[in-house]
Amino acid sequence: MNESALFFNTSTLDDWLQEDIGFFDLTSTLLEIGSRPAHIAWVARHSTIAACTEEVARMVLSRGGEPESCLSSGQTAGPEMPLVTARGPARALLDCWKVGQNLLEYACGVAARTRTLVQIADQIGPGVGILTTRKHPPGLRRTAQKAALAGGAFPHRLGLSETILVFPQHRALLPRGWADIREGLARHRRHLVEKKIVIEAADFDEACEAAGCGADVIQFDKAAPDLLAGWCPRLRTRWPGLRLLAAGGIHAGNVAAYAATGVDALVTSSPFSGPPADIGVRITPA
Amino acid sequence: MNESALFFNTSTLDDWLQEDIGFFDLTSTLLEIGSRPAHIAWVARHSTIAACTEEVARMVLSRGGEPESCLSSGQTAGPEMPLVTARGPARALLDCWKVGQNLLEYACGVAARTRTLVQIADQIGPGVGILTTRKHPPGLRRTAQKAALAGGAFPHRLGLSETILVFPQHRALLPRGWADIREGLARHRRHLVEKKIVIEAADFDEACEAAGCGADVIQFDKAAPDLLAGWCPRLRTRWPGLRLLAAGGIHAGNVAAYAATGVDALVTSSPFSGPPADIGVRITPA
Amino acid sequence: MNESALFFNTSTLDDWLQEDIGFFDLTSTLLEIGSRPAHIAWVARHSTIAACTEEVARMVLSRGGEPESCLSSGQTAGPEMPLVTARGPARALLDCWKVGQNLLEYACGVAARTRTLVQIADQIGPGVGILTTRKHPPGLRRTAQKAALAGGAFPHRLGLSETILVFPQHRALLPRGWADIREGLARHRRHLVEKKIVIEAADFDEACEAAGCGADVIQFDKAAPDLLAGWCPRLRTRWPGLRLLAAGGIHAGNVAAYAATGVDALVTSSPFSGPPADIGVRITPA
Amino acid sequence: MNESALFFNTSTLDDWLQEDIGFFDLTSTLLEIGSRPAHIAWVARHSTIAACTEEVARMVLSRGGEPESCLSSGQTAGPEMPLVTARGPARALLDCWKVGQNLLEYACGVAARTRTLVQIADQIGPGVGILTTRKHPPGLRRTAQKAALAGGAFPHRLGLSETILVFPQHRALLPRGWADIREGLARHRRHLVEKKIVIEAADFDEACEAAGCGADVIQFDKAAPDLLAGWCPRLRTRWPGLRLLAAGGIHAGNVAAYAATGVDALVTSSPFSGPPADIGVRITPA
Amino acid sequence: MNESALFFNTSTLDDWLQEDIGFFDLTSTLLEIGSRPAHIAWVARHSTIAACTEEVARMVLSRGGEPESCLSSGQTAGPEMPLVTARGPARALLDCWKVGQNLLEYACGVAARTRTLVQIADQIGPGVGILTTRKHPPGLRRTAQKAALAGGAFPHRLGLSETILVFPQHRALLPRGWADIREGLARHRRHLVEKKIVIEAADFDEACEAAGCGADVIQFDKAAPDLLAGWCPRLRTRWPGLRLLAAGGIHAGNVAAYAATGVDALVTSSPFSGPPADIGVRITPA
Amino acid sequence: MNESALFFNTSTLDDWLQEDIGFFDLTSTLLEIGSRPAHIAWVARHSTIAACTEEVARMVLSRGGEPESCLSSGQTAGPEMPLVTARGPARALLDCWKVGQNLLEYACGVAARTRTLVQIADQIGPGVGILTTRKHPPGLRRTAQKAALAGGAFPHRLGLSETILVFPQHRALLPRGWADIREGLARHRRHLVEKKIVIEAADFDEACEAAGCGADVIQFDKAAPDLLAGWCPRLRTRWPGLRLLAAGGIHAGNVAAYAATGVDALVTSSPFSGPPADIGVRITPA
């Protein structure tokens, strides 16, 4: 899945630089080192998964430096392996130093945690996908999803206009509950030819209600793995085409148990939080 | 420190909404619930520190809902206590649901972890400040710092143009090392009347070099607490006005030890990563 | 489907105003009428479908006028019926005059043409959906889709990251053609739990290939209605769950024929071009 | 008139790409074809006028592809003639495919309809200009006017701050009507040295009023060609320097009649709506 | 001319605030005065012309304060007269303090210098207009022109797409010089019905060449007043409809001389530079 | 200090171009000279200090021209010396002509006035710095500060979040005045390790109060040089580490007197206003 070329526009990268630079780099200006030829290397201090390296290279280029090497997002970086290297006038490299480091620390951290989940799930059975949610701080969607893709996961819905996902909170606003959902979906079935209908359920009974309403996919929220393992075969028997997702509180510590329940994929936010990767930055004269 | 009114412009909040909404909320459109009167409450499922609640209220308002209550950033929220509540047409509230939840989960998580560090440090001695770095994913500076301020910390430098902070990476670009730093700073002393000169040092010898170059503040990077405890009094004796910072790898597990070393403040990125606060969202007819 | 609240951010409406105003309204400045109290009405000169009226009202409000009435998007406007009315200082109303008129002329035109397609298709059989494509000039997606929703259609995919849609152009890049598509989709099936796989086909044989590759939906491009009518039952017999779309050159003149072919929905760009609605603007002293 | 280099800034092209791509191209990512070398050609399926080809080439370049050929805006494209061709990694080309096609379909359509109007008018008499209005959906001004320029027309006023254009709607806000217009214009005559005063008139009497107020140009709105043909010589006799425009409902079907009336130029919005040009896109391995 | 409502969009005002605030007001946060009720008054320390006061009030409102009074742009402010007053939480007012002061100091300074030029010219003869150029630092056009309008001037061309203005620099690129200009303008005369053709000339001979090419207006650059006074009647005799402008180095010290030359209007950049108005800011508890 | 690389993002330069170009260059389009090969030179008509030349070169490049030479910001330009030269199609150069000229006229003007202040102060004693304030029209911070840096000054605080600067206006909001300042600063001393505390004072007594509150720096506002000369030694004796600034009304006419008072640096806004540098633009065929 290292094929993804997630779209970051010019102004996003410029905004990141401006957030960190402010007006100008006071320290290098005072030390009068801005025009000295220099070399920079962002180096992983431990084994990790490269992610958002391409954006670091683009930032260097936009400041007037020359990227030299760039490990593609999705590749494994061994300890002390450079993720990105570049050369150019010191000011170009110093402007990108911390913002590049911060980007790589977050993105490689997410990618590596994602890769772990994928590998554990693969050991249980190769058919269970890892889907990453949109639960991360606002403004981070592109970074977070590029990193998750680099780790081998795939994005769960990326926004409200992409898929139908009926939550209990929607049901609470409908006076007749499940009946209104069934009728609402039936009324618009012709509009949903390209879309799957996903309904969140808390337990087996809700899953049956949801399937009866026409759900293509049931997304179980916070169901225990042992209960889920019991429900899945019964649901598949009754609705053969039904696809099943487990969501809510899935992490490296329980992903194996969830992967063994018989669902089709696991929906998780866990890679988005955790320690950043430890990325060192070496700056030397060139 | 709940006085801070960190500036978020209109387009930032709009960008957050657009990132999550995309074009429109497909599910509520299909279920035809958009114009039903509704009520929403973002509720902390455990005790936490409110942060960025004001921005959630502003987003609701911008979509046509009416904020009803809003715990100020910096206040403690007990379990099951609503952080923000609002009413209005369902579409206004559903558009803000997840983006509000994501914002609060990150910001309250950062604020609560910050508060813990502050409280531990305060038990050791009330004079030790907690300063939060700019090490977080690009694009998150305002959110991260507003949350840290809500937790009782204070921002370390917010960008390159704010303070002089000389790193070993700068020194590496100067042919004569410390001598060039000393001369560079001396040459510009008249420009630095309002600024303190901060120099990062790895150990006692480097700290002495730095102080000799005219540093107002030494920032120790990754020095062990016991070593630091030995160095601080010697440095203060020799340079009475010198201020001392410890940075690098400081977290809840070692903050007490660092707070006892005799430095003036601790520089930390640790609140920025960790589990999000658990924020539930209750949506009901109104 | 008049429930939709498509998201337009503040800067989009500001950009529209600035595009038309430039710096300031030279004519009303010279005539010194800017502060006179005035009333404005955007009036449909013929029967049409209201669309993007809410955005006109928002623009008036942002310039300091007070919207008075606003026919909701999706409602039918009889001839000479006001779509939006407002009062305020003349300059606020004059600034919005043409940009509001231009918006309504395009959006109501699209909505009315869409409504016509929907009504013709409904007469043939109520189960055939009208899905509107993303084929319109760049920058117009939100306007075009809000108008199409107001007319009773529903958006086909809104962008590249929303659904899988395999075109012949993709196949041309795969050395083994259909075999590579089948294997590629199989390899990622676990990632596609929430997504339907849509494959474009030119004829019955390609449709069979596509279904054999695991397509959930076949989208026929430019197939003649009579051929399509023959293919649909054969495909549905062989792959009972398969959904079928017709696309390419569908318009008011042939929509009835296409709606009778037995496909589930019709994919069309035709409402996006055609004459604008004729919207008059009455400005009077108030 | 193929000299025009209408200014499109970087963020406009980026916004167009982002509108269509969303986050990333799901299909090519899944099929793992993103890095394959490919070639793309946007080809006119019928004779048309090239327009906005330069912007397609710029988008390809910004995504990392290499434009190979580009027919300049304003040139005639014969059937099956490539408008733009490029090569590069498939993902760069696929990202630009539809947005480029949509841009060319709209812009070439406008340019070709404009060229037709220009040619018809030229057959009547070479001195009659075609001026294109600002009546098109908001957000489209640059695209629409670049296309109209490519077709041989010229923009009528591009915004409120560019020229004085007095409409009946302005007059309605002045208690003394024409008298107030005359006095207002007289009061500011010294400010209007560089500007012409254009006044819209419905008929001969209004035109005389307008000329008496100091109009440099009369713009007739929806006057029938035969009436206009009678008024023009009388007006020119009475006010020799007066210039005359016909506007309102001018299109390919009546442009010859209007061109023969004796006005100086025809103001029209008709090229902005109509069928898009039919542009095919060929993507092949390279 | 105090009717003008120059369009400033929301993001411009937000950008101004962000430029000055950065992240948050450190001083008021530390002093914990942000939520105290306060009152602010921006006061002219000397007689001046109010300009951009409306934008100061809008900024206060956007930060959560309540504007109380606002002298309209164009009104005369006596010494110690408040231009804008507001109340609200101290943080809202302190955030706007300096940016409001900076805006008023520049804009009132420009407006007052403009007013002086207008008054001097009016004493010579009421028919000579003052037109302000686009020669000011990039990014300042709206502020500068709103201020100039407040002072009683009127904008000369606001950008390249607004009028035809042929400079010697254009002529230098044409192999046949004046002949090419004459032919180029003749070729496009039908496109220029609404536009005047302005040609810059250095002296009488160039003015004759320009008028012979079809210029509607001659703009003399840096011609001495006495020479100009000789040329004007000769030109008006020969080309009765010709309008005449003087530009280049016109300022308060020579405006009377230029106003007496017989030109129609004076084109000047001089109000844009000069000392800022002296605006005091009083902040008190409320 | 010609090392500074102040950060201007792509959209700032694009906005400057769009502000001046509007839609397209009407004149060169009509004269059909856009594609002719041309050469441009921005030339100082008198001796000045180059500033923002790099941004002019970047604009030329972004329009498709090729910068040929560029005097670095901070270098001295003799009379008739080109600041920036470039070649390319005429349209690229004509689009940048005035916006480049305007930028250079303002920036070189500021830089030259700054250089004068710096040189006068240096003659009095090399230890007195010139610090430039943030008092300039909103939107101009980057341009103004880059120019001031080019002239040899250094920026005073660039925004509210950078330093602590207590004004009388803050004191007015504290019920107990100085006492509240002292306590507020003491309460947050641990947060201010990296920051200096600057307090504005009107006279000697206020300076003593401020120093007693813990000020690191006293900024005198509008104190007469002779009084200041008396206060400085007394303050330095009493608070040996205290740094002293003079601000308010310092300009070329009194900078020598202020530089001789014994303060550490002078805070001034005076370079930001004054006549623009006179920059000629030569455009020739190439």
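Note that the chains are named A, B, C, D, E and F in the order they appear, and that numbering of residues resets to 1 at the start of each chain.
The rule is simple: a contact is a pair of C-beta atoms (placed from the backbone, for glycine too) under 8 Å apart; a residue touches a chain by one contact, two chains touch by 3 or more.
Being a predicted model, the structure only gives us computed values, none of them experimental.
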Neighbouring chains common to chain C and chain F, by label: A, B, D, E
Classification of the chain E:chain F interface as same or different, half of numbers criterion: same
Where chain A and chain C are represented by their mean Cα positions, the distance between them in whole Å: 30
For chain B paired with chain C, centre-to-centre distance based on mean C-alpha positions, whole Å: 43
Junction residues of chain E, two or more chains touched: 10-11, 15, 21-25, 28, 32-33, 95, 141, 155, 158, 161-163, 188, 191-192, 195
Inter-chain touch pairs (all): A-B, A-C, A-D, A-F, B-C, B-E, B-F, C-D, C-E, D-E, D-F, E-F
Of all residues in chain F, those that touch chain B in their complex: 126-129, 131, 154, 156-158, 161-163, 188-191, 193-196, 198, 217, 241, 243, 245, 264-265
Partner chain B, residues of chain E touching it in the complex: 10-11, 14-15, 17-18, 21-25, 28-29, 32-35, 62, 91-92, 95
Residues of chain B touching chain A in the complex: 12, 15-16, 19-28, 30-33, 36, 38, 90, 94-95, 97-99, 101-103, 105-107, 109, 134-141, 143, 158-167, 169-170, 172-175, 180-181, 184-185, 188, 191-192, 195, 269, 273-276, 281-285
Interface residues, chain A side, partner chain D - complex: 1, 3-7, 9-11, 141-142, 145-146, 149, 155, 158
